[in-house]
Each structure stands twice: as structure tokens, then as C-alpha cells.
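Handing you this structure, nothing more for now.
For clarity, chains are labelled A, B and C in written order, and residue numbers in each chain start from 1.
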Amino acid sequence: MAFLEVNNYRKRFGDNEVLKGISFSLEKGEVLAIIGSSGGGKTTLLRCLNFLETPDEGSLTLDGELLFDAEQGRRYSDAQIREKRLHFGLVFQQFNLFPQYTVFKNITLAQTLLARQECSRRKKEFRAALRKSPRPERAAMKEDFASSLASLRADRKAGIERRTEELLARVGLTEKRNAYPYELSGGQQQRVAIARALALQPDILCFDEPTSALDPELTGEVLKVIKGLKSSDSTMIVVTHEMGFARSVADRVLFIADGVIEEQGTPAEVFDSPKSEKTRAFLQKSLEDIFV
Amino acid sequence: MKKLLAFVCSLALLVTGVVAFAGCSGNALKIGVTNYPPMDYRDESGKWVGFDAELAEKAFGELGYDVEFVEIVWETKVMSLESREVDVIWNGMTVTDDLRASILLSEPYMVNQQVLVIRTADADKYTSQEDLAQADTIAFEGGSAADTILSEMDSLTDDQLLSMEKQADTFLEVKSGASDVAVVDIALAKEMTGKGDYTDLTYVDIGFASEDFAVGFRKEDTQLCEQINEILAKYKEDGTIEALAEKYGVSV
Amino acid sequence: MEQFWQISLDLLRGFGVTCQIFAATLVFALPLGLVLAFGSMSRFRPLKYVVKVFVWIIRGTPLMLQILVIYYGPALLFGWGFLERIVAVIVAFVINYACYFSEIYRGGIESISKGQYEAGQVLGMTRTQIFFRVVLLQVIKRIVPPMSNEVITLVKDTSLARIIVVEEILKIAYDYTITGLIWPLFYTAVYYLIFVGILTLLFGFIEKKLNYFKV
């Protein structure tokens, strides 16, 4: 069984069926590029993977665990969805950094909140345990717990800071750690967004047209960071218009048109010898766009 | 979010808790008044005094009531009475047909007259009712006796008439020159002109028909009204009213 | 001169009442407005429409009328007793201003891009965390200018309390005109101006404090 298996995803908005049964699989460490013209369903597919939309039909298995099944789709609680979401990361076309926080805080915020939730969960468990234990032992238990909680907090804090420094170095923005988003170029903002998504160590990192909102001269720095991630064995799904990039980085390419997978295979198969007429037309058109 | 909701709920409870209902103990009687010298006004210590206040205290005291004065807004006096915010209105109230239709009125205890308030410099200009026509603006209290008189005068146009919230406000109008003339109760005119900031104002009687002052009750309180009528008749007889009128400088 | 100080003090007492109405209105109306804003944006349709109609009624009728209704309404309609005058005024002001605030909040909240919520969601944050950690400060930054307008209007609206004989500063000044003194009425402007001046400085300070980021 593959690392990620998506089975017959379907999604409609009113009368408009955007995904008409999408199935594909992905191995660990692979990079999947999804191409296709706008309105074809690429972004919706990515949003479904990240649980920002709920598919009407289909299921998803990650690392052997059934993560989503449309049969029960409406029955998942908010908390369950949040937990499932953490398997995936998403980098948006418009970056969506939090404007009131520094680069550093943008990256640490979600981790800090998760660590805090962990601590309060521990506290709750401890209180329950305390109620069950005999009175004379309680004082000692309290003392033990307080020190273990303090060390857990310190641990988490140090861990978060260390990882954030690493990530900043990885996207080349160490010296911008205290800058606010509005002080950064689009390319820099997108690199922060990538670091922010990586901070939660998702199993699969998704990119939704990560360079489309950037000036052409800034796309290079972002693509370079994504390429760098490939060499560190991250599993990634990239929706992109950059055909050259898709060809050089992707292990596999998915061409989606009108809500169905029109063609899939290695970059060589899809780009050099497309079987479908639609794929050929699309590739032809993207080539023209580049040279016009 | 839940904490926020809980906070708001507790605030709402607090507000409801603050709701203080006015007690209705047996012999307490609330008299609606406004700041309207020399009939009703507060002395330096904050106690309500004046011709009406003293008369009311004496009359209801004789009937065994504890009198409490409550300041009301004159425009909404009927609402104050109906809602039981007050039980009686005793505040130099002029008898009109409209008023008689909505509340119960005692026998008149005093005669009132409408007079002109003018700048002293204009004293020669306004001596008769015909002279009113030459005023650019005439100020008066909306719904008052002056309102009735002025709107029935054919020689005046609507453009000349300025209906205001309170009689007392009209003095500022005349002093500032915004209006040329004000029409108010004689007692008030006597009290206010010629002193303080109003030294340059004076008043003149141009022979408007006089009207009556009466005490107001809720329609169902006929018994109380009867008792007051008897007492007022007695006070007229024994000179109590005259003595009070002299004390406060009003004519009865 | 002695009279001047005497009257200044008397007006100051009235201004205390003005400040009381002002402060109580803010304390209660600011959170209540937020609740109403959430109600008007609720996905539960009946709640949404009830709140919208309520806001329409309150914003569509004069505050003076609302004060009269709250003070006299219970007695006239149901024969109940009276709220204390100052309490009735505060209740009316809180309801009225909560509705205006709710519209400002709603505008502010709706102006935040969907992307901010989604960014929070994919990072595993709860709705509450997203609202308080991500959205709120951006909303505050956007609503400070319209809020400062509304709050300054509130200072002056307190004079409406006079309609049910609450002894706020303007009522006291008016009473002086009846005893023949006009100047206290105009002198009240000094109190209002000083208070509004302080508020203007305060809002300027908040705006400056929030200038460190851009939305």
C-alpha cells in the first residue's frame, strides 16, 4: 500500500461538480506536481486534502490509516478534523502570514499553542489522578508534577526555538527573524510561509501555486527553497503553473482537467509523450504563454 | 468564547439585579414638579420650595400624607401620572380642554395670565395685542396656554411663532435677540426679569385673557381630588393662600 | 468669584453623572456589541435575522425615545415599578450603543480575509484561537477610527439623559438659566472639550501603538 492513497474524491458546489472522482497515490519522499488550467479542480483537490473542504464522496488513507471517509464525513468533530489536518501542511498562493506578528512568531505561534494544549491536557490528567490517590501522598505528587510540568514547558520552548532557528536558516531568512510581514518582499514572505508550514512537521506538505502571486524575478528564490526540501526527502504535493519547475522537481505529474485526472505519470511521460489530446493542447498553450 | 459568553451573561444578570422598584408604601404621595420658580423650585439645601410646593405640603399634610416631590419633564407630565411615577401634578398647571380630557383637575386655586417678555429697550414698541404683529419671532412653550392664545390670533403668521421646550428657555431667546418677544406666565415673568443676567428684560401685560391654575390627578383618584378641593376652598377662606402669595410674590 | 467656583463644582458634580453614563455604557456595550456582531453573522438563520431586526429597530429609532420607553414602558404597559433613572438611562445607552458597536465590529471582522482564517486552520488552531490570536488584533486596528468617532459621540449623547430628569451637567446648567444665570450653560462646553480632548489623545495613542504592523 502506498504512503498516501486518495480514493475517488468527489466534490460539488451547488450544481457545479468540481471534482468528479479523483484517485491517486503517492510514496513517501516523492514530489507530486499537479498541473492543469484554472478552474479545473486542482486547488479544490488541495483544499480537500487539507480538510478546508469536505469531499462529498471518497476516502483517504495515510500511512495505512484511514484518515477520511466521506461516509462519515459529517460526523467528524472539529477536534478530530484539527488532528487530521496536522498530517498535512499547506502553503497558500497569497502567503497569508499573520501581519501583527514577527517572522519568528509567525513560525512559532501554532507550535506554542499546541504545546500549551499539551500542558493543560497533562494538568487535567494529573488532577484526575490526584483525586484517586490517598491524601497523604498528594503533596508529594503535586510537587513532582509541578517540576515535571516545568521541565516539559522548558523542553517544548527550547525545542520550538531551536527548530525555528533551523527553519529560518533553511529558508535563508535568519536575519529577518524580527521583521514584520509588511517589511518583506513577496518572495521572502512566501519563504516564511513555507517555514511556518514546516514547523508543524507535516507528513505531506502542499503548495497551492506558491509563485503565482510573485513578481517573476522573485519566483526563483521560492522555487529554490522547495527544491531544497526535495533533497531532504519531504513528501510534497505542488499545484503549479511552472512547467519547467514541475519537470525538474516532480517525481510524478498529475494533469487535471474538468475535475478528472486526464493523465498521470513521470514528468518524462507526461511532458514528452502525452497520450491525451487535452494534455497536448494544454502543454502547447503553456509553451506559447511563455514565449508570447 | 464560552468564557466571554459567561461574562456577558453575568453582566446581564447584574443589570437586572440593579432594577430597583419604587416602593409604594401606604401614605407616601409623590408630587410631580419642575424647576419653575416661584411655584416650585429648590432652595440652596436642595429642598423643594415655592408657592405650589408649600401649598401642596400643607394640604396633603392635613390629609395625613407624606409628601415627596419628584422632578418630572413637563412635556411628558401625563405619562408620568399614568405610569404612576407621580400621583399628583402641582406645578402652576394651566387648565386647558386638552388637559381636562386626559387627566382629572381640581377646582382652580389661582388665576394666571400670559404676559409679554421683551427687552427693556423695546418697552415702547409693544404695548397692545396689535403690536405683536411687528415682531419677527415670538417664543413660547409648546403646548402651554401661550401656545393656545397665539395660535388663535389671526394677525400672526406661522413664520413668527417659535414653539420651545420650556418657558424658561424663551428668556434666553429674547435676551440674545433671536426672538423679539416671549409669551409666558406672569408669575414666571415677574420672578425672572430685571435680575441676574436678565436685568435688561422686562414684561408687559397687554390684556390677554386670564386662565386658571389647577392641581392634576389620575382620573380614578376622584376622592383625593374632592378632598383637595375642600381644603383649597378652606385655605381661600382663611387667608392661607393669600399669605403664601405674598411670601412668594405672586398674585392670586 | 466665589460664585464661579461654587457653580464650577456644581457642574463638576453633573459631569460626574455624565462620566458615569459614559463609562457604564462602554463597559457593557463593548462586549455586548461583540455578542450581537456574532449573532448577526451566525450561520443559524433565525438567530441571525432576529439580531438583524433588533439592530435595525434600535438604530432606526431615536435614542431619546428608547430612554423614554425603557423608563416609562414597564410602568405604562405592565404596571410595574420604575428603574432608577440613572439605571434606565444606562440600559438604554448600552442597548443603543451595543447595536452601533456591533455593526462596526461586523464590518471589521468581515474585512479580514478568508485566508487568515484558513492559515490558522491548516496550522491546527481552534476557532477560538484563530479569533483571539489571529483575527482580533487586526479587527481592532481596523475599527479604532470608527470606534473613536462613536465614543466621542457618546460623550455628547449623555445630555439626552435630561429627558428623564437625570442630573447630568447640561441639566444642571439649564437649571441655572431659570435662576437668571446664562453663562453656566455655555461654560459646560469647557468640560466636554477637555474630556473629548483626553479621549482624542487616547485614541491617537492607541492608533500609534497599532502602527507597528499593516493589514
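Criterion: a contact is a pair of C-beta atoms (placed from the backbone, for glycine too) under 8 Å apart; a residue touches a chain by one contact, two chains touch by 3 or more.
This is a predicted model, so every value here is computed, not measured.
J.: Counting only chain pairs that touch, give me the topology of the graph as line, ring, star, complete or other.
T.: It is a line, because the chains touch in a row without closing up.
J.: What pair of chains has the most C-beta pairs in contact?
T.: Chains joined by the most C-beta contact pairs: B-C.
J.: Of all chains present, which has the mean Cα position farthest from that of chain A?
T.: B
J.: Kindly work out which chain lies most centrally, taking the average of its C-alpha atoms as its position.
T.: Ranked by how close its C-alpha centre lies to the overall one, first comes C.
J.: Which whole number of Å gives the spacing of the CA centres of chain A and chain B?
T.: 77
J.: Distance from the CA centroid of chain A to that of chain C, rounded to the nearest Å?
T.: So the centre of chain A lies 44 Å away from the centre of chain C.
J.: Between chain B and chain C, what's the gap in Å when you average each chain's C-alpha atoms?
T.: Computed value for the inter-centroid distance: 34 Å.
J.: Can you pull out the residues of chain C that are in contact with at least two other chains?
T.: Residues 127.
J.: Residues of chain B that contact two or more other chains, please.
T.: none
J.: List the residues on chain B that touch chain C in their complex, please.
T.: Within the complex, chain B contacts chain C at residues 1, 4-5, 7-8, 11, 15, 18-22, 24, 35-37, 41, 71-73, 76, 79-80, 82-85, 166, 168-169, 171-172, 175, 192, 195-198.
J.: Touching residues of chain A toward chain C in the complex: what are they?
T.: So the residues of chain A touching chain C come out as 50-52, 78-79, 82-83, 85-86, 88-90, 92, 94, 96-101, 109-110, 113-114, 180-182, 196-197, 200.
J.: Quick check on the complex: what are the chain C residues that touch chain B?
T.: 28, 31-32, 34-35, 68, 72, 75-76, 79-84, 87, 91, 94, 127-128, 131, 162-165, 174-175, 177-183, 185
J.: With touch defined as at the start, can you tell me which chain C residues reach chain A in the complex?
T.: Those residues of chain C that touch chain A are 113, 115-116, 118-127, 129, 133-134, 137-138, 141, 212-215.
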